[in-house]
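Below are structures written as structure tokens.
Okay, so chain A shows up in both of these, paired with chain B first and chain C after.
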Partner chain A sequence: MTKPIVEIDDVVKRFPVDDSFFAKLLGNETYVTAVDGVSLSIEPGETLALVGESGSGKSTLANMVTGLHSPTSGTVKFDGEVVGEATSRNKETLAAIGMVFQNPRGSLDSRLTIKQIIAEPLKARGWSAAEREQKVESLIERVNLSQAYLPRHPHELSGGEAQRVAIARAIALNPRLIVLDEPVSALDVSVQAKIVNLLMELQDELNLTYLFIAHDLNVVEHIADRIAVMYLGQLMEIAPTEVLFTETSHPYTETLLSAIPSVDPTKQKERVILDGDIPSPINTPSGCVFHTRCPLADEHCATQTPAAEHIGESTSWCHYAAEFADDEKRIAGVMSDD
Partner chain B sequence: MSETLLEVEDLHTRFATREGTVHAVEGVSFSVDRGEIVGVVGESGSGKSVTARSLIRLEDPGYIERGSVRFDGIEMTDADDRTIRRVRGDGMAMVFQDPMETLNPVFSIGEQIVESIKVHESPEKQGLLDYLNVPLFSSRGKRSQMRQRAIDLMSEVGIPHPETRVSAYPHEFSGGMRQRAMLAIALAREPDLLVADEPTTALDVTIQAEILQRIRDLNEELDMAVLMITHDLGVVAELCDKVVVMYGGQVMEEGPVEDVLTNPKHPYTESLLGCMPQTCARGEPLNVIEGRVPSMVGEPTGCPFASRCWCSSESCTSGELPTEQVGDDHTSRCHHVEELSESMEAEQ
Partner chain C sequence: MKNSRRLGRFLSNRLNVVGLLFVSVVVLSAIFAPVIAPEGPNEQDLFNRLDSPSAEHPMGTDQLGRDVLSRLLYGARISLQISLAVVAITLAIGTAVGLVAGYAGGWVDEALMRFVDVLLAFPGILLALVIAGILGPNLTNIMIALAVVGWTQYARIIRGSVLSVKQEEFVKAAQLMGVPRRRIVLRHILPNVVTPVIVLATMDMAYVILGTAGLSFLGLGAQPPTPEWGTMLSQGRNFVDTAWWVVNFPGLAIMITVLGFNLLGDGLRDVLDPRDMGDVENKGM
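Up next is the complex of A and B:
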């Protein structure tokens, strides 16, 4: 068995909402718990996808892997060593983790040329001007853009082109892990397809590991090896892609899957629609965090926090995971009884 | 009983820019019947949104070069401001893509819904006194009545706790909630036609499913027609009765959703469907459309899709596009419809 490249162990991240002196004095500081006790590991060469609604803590978890946030408690290990915030990491670790953000235009400095943008990480590692020139030229061609783009500025690029530049910058220092935070969510289907293809090519060629954040399950199904489903800062289910899509063992995953619109109008499926919005992460529900919206929840769910249950190849955090996995139709049945 | 509500004919909307005239919409024709849900799909830059804005005459800074938009017997292209205001007041309502930019941050959601109700009730006259709430000139009973109506509308679109939320401001709402508030504002006018410009693009799939369900319910209950602008073919398959596929400011294919999505008769529709990750085996490279959307500056010649099309020939690069009837109410504007259906049969 290979050693995991990233190990996340019981990580908690809380952001203060009100931690002023008076709040502390009165003992009513409030915090947003963005990530609440998540443990997972990423094997070298695999694509692990993180999915969930907005506000489920996907990006915060990814930011702790890249070092943009430091965890409140728990540890993030890269290559077996505990890594902290980006400023405290050594240069090798920094170079080994690349990042691509959601909004391609927002993540490129509008005052720099494309050439300067891609060369920036190289400059930080002390490459000479000549080496940088050569490397930037090979990188821009690697992401299928012509060298004519190098003197341009980000505002002259389309969304897809800007995302290619961001990918070129992320692979500049030959990283081993790339954290992709919704890299294709802002793009049209035809452009999205090209970027997904490019990412798969690069993974094969450069032997990359991806942590892929998305809310579009169609793309995730295509690219990911394993999928971790998050809700309100906690893991709901982790499973290999095929297993997750065919034998769901968590009601939340089921609702996510049923929400995907199908392109085939003749195949209208039974839909599970959740009521209301995701609860506030300031006062998370007791017991299972999903019980307030779960169609199967009972009193037990409201009081007891579910433990991890292993069902086949998947791990599920639901009291009724086993029963749910046995009887896929159950949730649809409950819905139609109402 | 299908009575035509909106009829767009040969619409041309242009923008004068320093680089030249942008032909954003180039001869678009389609119609929406009462109670029908029509989808308009295409990539970014294909002229969908400009078409939608032209319908309610918000095309500024562009201008309508020629063509006609007939809504319920009113010719919108040469109507005066008063008539246009009337139509916006109780005929056509629009929901925009970004709810944060279209809601007014300094008024509470309730006030914004009430304003919409006022516009609906008296589209001709908007007295300043109605807005100032001076005790002598406005009745308290009427005000609380309107507030109650706003609360009813909010619960109708699925906003929880409308009694307390009615006095909340847009920044206190989440994205899905804001979009629902926009929907409430649009519905306050009891429109015959709801024009929705990518209403769910910025939202999560679960919230999207809920909003689509809500639109469908409202369509059935109020017999309200919907024009749905989107780039997601999944949304079209889910919601619409009829679909109009646009590219380069022109209609490429039009027809009933089942027909168009399962049996596309235009290479562009086919390519667009091919790009969807669902249609490809896992781990395999996805199908792509080579090239990019044309710039639309200057007079277009021939088929806008010719440079990216796998079956284009010399006849595609010049002249008018033919409109081929390929089924009941199903038309495709392509020179190679026959070859396309032959090659698809061969594939099967």
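Up next is the complex of A and C:
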């Protein structure tokens, strides 16, 4: 087995809500626990999707990989070496990890031209003007835009075009890992597919590893090799994509799957709709964090934190993972018999 | 960006045009003072003291027989030079402090901002008065006094804008690409925080002119025979019941200049409104 490119080990990230002097004095500091003890690894060349609702901690986890945040406890390793905040990383590590943000316009400085934007990482690495010129021209064509875009400003581009520019910038320094933070959720559905296809092409061509963040499963179905589902800062399930879609072993994943709109109007889907909202990350529920909304939860779930259960190729953090997976298989079997 | 559209909108408001006109008159007077002034600013004619306005002296003469109009025109030079210098200095210091405090954060931010708070706790003109009093009465010291008082508001505004721009994704993207801190601050943050400050600087021109005139009136600034408006006002007030022109014309000059810069600043604020810039950029999202 190859060595993982990213290893995340028992990472916790807390953000202070009230850490003022008086709160400290009275022992009243409050924290939001955005990521709560997550461990996972990313293999070279794969696409790992991180999926979860808003507030599930997926972006925070990704930010610890890129270095926008540093973990409160636990370690993030890139290539076997512990990496901290971006400011403390060496140039090689910074160049080896690219990032694409959700809002393409927000991530491009509106006062620079497209050419300056794509050249920026090259400049930071000390490329000469002539080298930059050449590289920028090949990069813009690599993301299927013409060189006519180079003198323009970001506000003259459509959302999809701007995201292509952001991708061109992300691949400029030949990174090995690209963190994609909801790269298509701000785009039209028709454009989403084109961007996802472009990303898959680039992955094959440049031998890239992706950490792909999304809040719904249908976007990642085509691009992801494995999917990690997060809820309230914790992992619920990690499984290869096809396994997760056909025989999930976690009730939360089941609800996410049932939320994917069907393209076949004759097929009636049973939707699992959860009650209430995601609980506050300031006071996370005891036991299994999902028990307050889980249709299967019992007293055991409210008190005992589930450990990782390995079922086939998937790992699930549910007390009843085995039963649930069995159930799923049974349902899948019945359906294929029909 | 849409500069022509902005110019059109600026000119469509009559008050903006008035402001621009007033400021232009003052600036042109200052530049061409030697050409248009009928006499030198300190040319005395003791036989024609306190002459009322006439064809020869359109604004009359003062207690030493000097032509008031000529002195006003030369006075425009002093007022503009001082206000430009003070605004430039305060802008530079305030921007630098604001950028450092906002971007560095932590204890650096805390220390710089508490220092700003201390300065802001004093009424501006009072502090300027004290500093000018300690340093001694002349124009250079007036500039120092007004600069010490003035930079704090720029530092505050810049810091606030930096804190919000720092959170923008393009800044985070630059950090992740290993762009040096200096370049992030100067290239990405600075251009995105200067707009509100340009407006403030225009308004500040008026404040500094008023401050200079005020301190000079109190005898802490320009000393006679310098043709400074505030000094002229202070010298002329002894004759206000017999020779109104000696004190009223300098007063009018101060008023027109201050009003002009204020109107211009208001106009710029409306045209450079960041919300409007957002509209332009978000079009077609």
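Heads up, the rule we're going with is that the second predicted complex is superposed on the first by the 328 of 338 C-alpha atoms of A that agree within 3 Å, B and C clash if a C-alpha of one lies under 4 Å from a C-alpha of the other, contacts with A are read in each partner's own complex, and residues count from 1 in each chain.
In the analysis below, a residue touches a chain if its C-beta (ideal position, glycine included) is under 8 Å from a C-beta of that chain, and two chains touch if they have at least 3 such contacts.
Treat the numbers as computed from the prediction; the structure is a model and nothing was measured.
Peer 1: Could you classify chain B and chain C on chain A, in the superposed arrangement, as clash or fit?
Peer 2: fit
Peer 1: Pick one for A:Thr87: touches chain B only (first), chain C only (second), both, or neither.
Peer 2: The second partner, chain C, only.
Peer 1: Which partner does A:Asp216 reach: the first (chain B), the second (chain C), both, or neither?
Peer 2: It touches chain B, and chain C stays clear.
Peer 1: Could you look at A:Ser59 and tell me whether it touches chain B, chain C, both or neither (first, second, both, neither)?
Peer 2: neither
Peer 1: Could you say whether A:Ile97 touches chain B, chain C, both of them, or neither, answering first, second, both or neither?
Peer 2: second
Peer 1: Which of the two partners, first being chain B and second being chain C, lies in contact with A:Gln234: first, second, both, or neither?
Peer 2: Touch partners of A:Gln234: none, neither chain B nor chain C.
Peer 1: In the overlaid three-chain picture, which partner chain does A:Thr253 touch, first (chain B) or second (chain C), both, or neither?
Peer 2: neither
Peer 1: According to the stated criteria, A:Thr33 is in contact with first (chain B), second (chain C), both, or neither; which is it?
Peer 2: Neither partner.
Peer 1: One more residue to check, A:Ser107. First (chain B), second (chain C), both or neither?
Peer 2: A:Ser107: touches chain C, not chain B.
Peer 1: Between chain C and chain B, which one touches more residues of chain A when both complexes sit on the common chain A?
Peer 2: More residues of chain A are touched by B.
Peer 1: Could you say whether A:Asn197 touches chain B, chain C, both of them, or neither, answering first, second, both or neither?
Peer 2: It touches chain B, and chain C stays clear.
Peer 1: Considering the aligned complexes, could you tell me the closest Cα pair distance between chain B and chain C in angstrom?
Peer 2: Closest C-alpha pair between chain B and chain C: 8 Å.
Peer 1: Both chain B and chain C contact which residues of chain A?
Peer 2: The overlap between the chain B and chain C interfaces on chain A comprises residues 158-159.
Peer 1: Within their complex, state which residues of chain A touch chain C.
Peer 2: Touching chain C from chain A are residues 66-68, 86-87, 89, 91, 94-95, 97-99, 101-103, 105-111, 120-121, 123-125, 154-155, 158-159, 166, 169, 173.
Peer 1: For chain C, which residues count as touching chain A in their complex?
Peer 2: Residues of chain C touching chain A: 168-170, 172-181, 183, 187-188, 191-192, 280-285.
Peer 1: For a test of understanding, state which residues of chain B touch chain A in their complex under the given definition.
Peer 2: 43-44, 160, 174-177, 204-210, 212-213, 231-235, 237-238, 257-258, 261-262, 271-273, 275-280, 282-283, 285-289, 292
Peer 1: For chain A, which residues are in contact with chain B within the complex?
Peer 2: On the chain A side, the touching residues are 53-55, 158-160, 188-194, 196-197, 200-201, 215-219, 221-222, 241-242, 255-256, 258-266, 268, 271, 273-277.
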